[in-house]
């Protein structure tokens, strides 16, 4: 019988429970507050390990910037995917939108002889429009994103093949007649490091999106919608407009990825990008963004994409069979969410 | 007699087979504290959602300041100056306290950072948020940037009330604002309600807590089975009477029954 | 037109230009001979289940014959047998079945020869330096389909390298080989694979590629580090864009094959079979009808027959 | 002022609201109560349309049973997928489990010379084990099914290629040495109709599962878990055991699909089944099973698979470009959930 | 003095930073109706969940009939004869009323159909369900096979109460069973509670409805800030006293305070 149990306990409710804060808890909490930290640690760790194993075959400016080049497309598409996943959605049509946009940029220039600038803008516009349509089906028709984008994937991919008649536009033709299409492939050399415009675009895009998500009202609304759409609606967010804008932006980014793809492979090829869905989702998941929406940072996605790149190149340099790489990435995916789940417990 | 500031007639809202509002009427007078009481499921939350724009009624009309209004989204109610603390709180758990308080009406940086780069003015928002929470005595919140999910239920409730009190210019609606609060915090909220009224802003207070209701309310709207059953003056009736009217154990005098 | 003959064309995919051309060739010939042509394809390379469904559809349709480029050369055999039992003539195009006699006839490039030609050319072009060559191998896929194995092993044989087990690539021990990478036969895969090989050994100077899209991708990788002019890329297909790439110096030499010819020959064979049951005969000394292969290059070397790009451009996809 | 508003309204609360029951509503309600009805209607409709367009080229016992043969693998895998989706999960590893199981059946027989019965049982056991492991990760580790099975897909597929060394076991060998492996390919002819054991297995399996889901306690638990796992737990369902059993059963069914696959294509090929994920999800979705779990009937999945088969064969026989078929199926998917969403409104 | 049928000592349950149960004690005597009252968030639901096995307490012990028990799943509590109506109802909306009532303890057909084919005995289950609902006066439910989601909130509540009353053999726990019910239905539930007690089965009743509590309870456990604050005899105190104890407005006499 304490003389004043009331106030003692009442205060406790509003206070922080300091009791269980052991070291593990402190770590758990830190990681919870900074979601991009886990992938960053994994990234640095894996670079260190491969560096130690392979020496400067791997740990060279050339090899490290090569990884950036190799992951640029996945990184750009991953940014689009991350936006959608932050709203608790998923976009299976990213790869199809990317390819169709690149085909449109190419065909508008070469088939119809339009100025290349017009063709590029048309490609970007069509990518955006498809994304916006996805967003409309999701937000206004209230259809599940998985299905909407599953259907759209098939539709857009089929449209891509039908429209392009499966014709590849060659790199040399593009270089001589419409070099703007290849602008993302332009390289800079700084010492042994080789950067491409596309790789830099991936990084800048991610930084811009990180800024927008963190420092603008729209960005906060994206998180709020992903967290709890009903609460967001009640506290004054236009959920429908936010969702449509997210999917439309995702479409636009995919169209940019299509443009970057021309820079990377030189040519316009309608068969590209078949693995972009899975690869972008993998980057997002390894990057620690929750598939349930509302949590995670887009920088994490970038780290996730680079982690996959590091593993792929590192294992190849070690002479491992490509299949072992896939197997390891599978393990990495499950491991990443297991960690994520563990961190999340702190907030339960 | 003065005109009601917020008035509704014949509101109907059905959810599938459930009729949550059944030709319900409502009046809020300027400057008053109106309590709404009623059994669980009587339709109180549905009523205030219909007033704030969070649900669109199937039938019925609403007037604000004599002008007919028809809100189809909660943002519209807010723009008209009606600020609501919903029973479910409407917070985004992963976002910070400051983010939540300013959700949907964020302040941007002055100058080019704000107009071109659309950057939020975090310092300004945080300062404001901190002030409002202090007014409510929620000083135990150490960090205005902590995620709402790390707050206790009572602290969350306090944040929601602070948000409404800070921004409500015409009407403030509180749906069970003290439900999750401890005794001291409840006290603060009741004081705040009276402060707000002193600023001339009327308040709608939904509560199951009869002592609270009888302490602050000018009039009590008794809600029953989806409609306004009667309106009583807390000075004329006891808490037990109110509970009896609310549960149907006793019939209110004819004169009080709403048309 | 109930009495008109129906023929089917089943390709690996309908998105690879090679097969698109094959389909065009078949369609043109079918039109000319008054044959009703149905075209089918797998959804992705390796999708043999859809090819099985296509064969069944052809049987249901009452077609007289099937032209088939198999995605899985042995898995498809029971379905082919079913068709032959139902009285259809089945002709393998481009890719021989295993065993090759599972089809009534095969109209194909000799893929081993195609590889051998580019291997001989590369060795001759390097001259004495061939002994110190650094070779990158850009193959099709880890599942090692026969076309890929034949071309790869043909190339190495032509170059003068011991291939060990000729039924699979990757078991060679010659130190000149830097490594094998898979490309999925497209530009994206070609570029990444080339980059990986360059990271292993930046001094690579000979690159074998499974086909011309992969070669184009490999070229982009070399270009990005400024080595596009000191590496020999060889490839297979001789498609119009590929020949153009030989002109432009992207590819040093390519073995040209003739998908339109395969297809039109195939349609003719089906027409003949429909008329009186005659089956096509294989090329002398081979167990298939060789539709021919020609090395296309503007830098001919002694001892290896070749045609120049002007002729190659005339015949491309031919 | 009514004299007795209280009782009048009180009764209404407990009664049915008969007011809005127009014809459309009646239809909506019927469809809501019998979820397999929509796909059945679409199925009958599409058979009728193609029959009218193509005559007895399509509308023959031979062609119609051919469709069954062509969808048998998707139908069997779809049954596994449907079970998982009923629990509000998703299984991206179905195709990989199927192929690995078939490879194990083949390699155990031919590489190690084990009796074929032992090899078959081993294949079935390994499929079940992988499924159970998925289930354990989902239910005990609380990881999202999408990620678990995404990772497992890559792991199992890579393991499949590594283990099989990409070797196909040829049909002739199987036929002469281990015909049991091809048992699902055995055909019966009844008139012009051709049935295979595999097609009959698909139908019987679906009927058994429909029975089990509807008429046993376990089946009811599967629905309850998909509907609301917390409520199910509180009302006495062992949620973890139910989930593990569902994923394990799904693995077992996929292993049977692997066996059936050997019957269908004759040989054992490690490159099979690449599209089984997408195809099975498509069948489930077109069949009207909700991706949110707890609603839908497994018969619907069967109709969904057959609908896709009807469209594919019908369009092929009409000479349509395959890409048009894919485009149409994409539209069908979106359309199917739009209908589903509309029907669902009745319960809101 | 008789031993409690269900007893708990020192129960602790934390949710992240929130302490829902703070060394809470509990006693239920054989054959009694024990009401548990307390503010929202006081931890009442957490308490009964810890007793029924729906949550595993972080610390503390529970005895049933003098034997120490440790339930780690709600199924275990049920097997021991403790039947609970949770506040959230725990129903599967898409399944039928009969399915829900028998969830987890389905009846199988007699003979081979049941033992081999494991077929449910639907007719038997439906008959039983219909009877139980009739006892509760829920005759307006026309079809025992309709999905629970098509029922009104009150009807659902009725189904949950019927389920608990039908199967509880040792203890029945009702967490706000009348919250969603109309006046007539609430009446029926109160009658049913008394019927059950007459069968000798003790009941724990959580309710915010003071008139109900004072009508049926033998003893009232006042829960406050995660622990048992005091236990009162409803014949010795008024409803206002109880509310005052519960909210902390008044301190109970020393003698009643729990150790």
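Order of writing sets the labels: A, B, C, D and E. Residues in every chain begin at 1.
Note that a residue touches a chain if its C-beta (ideal position, glycine included) is under 8 Å from a C-beta of that chain, and two chains touch if they have at least 3 such contacts.
Bear in mind that the values here come from a model prediction, so they are computed numbers and not experimental data.
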Chain at maximum distance from chain B, centres defined as averaged CA atoms: C
Far-end chain from chain A, centres as C-alpha averages: E
Centroid distance [mean C-alpha coordinates] between chain D and chain B, Å: 49
Distance between the centres, which are taken as Cα means, of chain B and chain A, whole angstrom: 40
Chain centre separation (chain A, chain C; CA means) in Å: 36
CA centroid of chain B to CA centroid of chain C, Å: 73
Per-residue overlap in chain A, given as positions that touch at least 2 other chains: 6, 10, 13, 16, 161, 321, 323, 347
Multi-chain contact sites of chain C, meaning residues that touch two or more partners: 14, 44, 142
Residues of chain E touching at least two other chains: 16-18, 150, 152, 154, 182-183, 225, 248
Chain A - residues contacting chain C, complex: 57-58, 62-63, 66, 69-70, 73, 161, 165-168, 170-172, 185, 187, 194, 196, 261, 264-267, 269-274, 313, 316-317, 319, 321-323
Residues of chain E defined as touching chain D within the complex: 54, 73-75, 78, 84, 86, 88-95, 99-100, 103-106, 108, 117-120, 122, 138, 140, 142, 147, 149-150, 152, 154-155, 163, 182-185
Contacting residues of chain C [partner chain A, same complex]: 13-17, 20, 44, 142, 179, 181-182, 186-188, 190-192, 195-196, 198-200, 202, 213, 216-217, 219-220, 223-225, 241, 244-245, 248, 250
Residues of chain C touching chain D in the complex: 14, 38-41, 43-44, 46-50, 52-54, 56-57, 60-62, 71-72, 74-79, 98, 142-144
Sites on chain A touched by chain B in the complex: 6, 10-11, 13-16, 212, 215-218, 220-221, 223-224, 227-228, 230-238, 294-295, 347
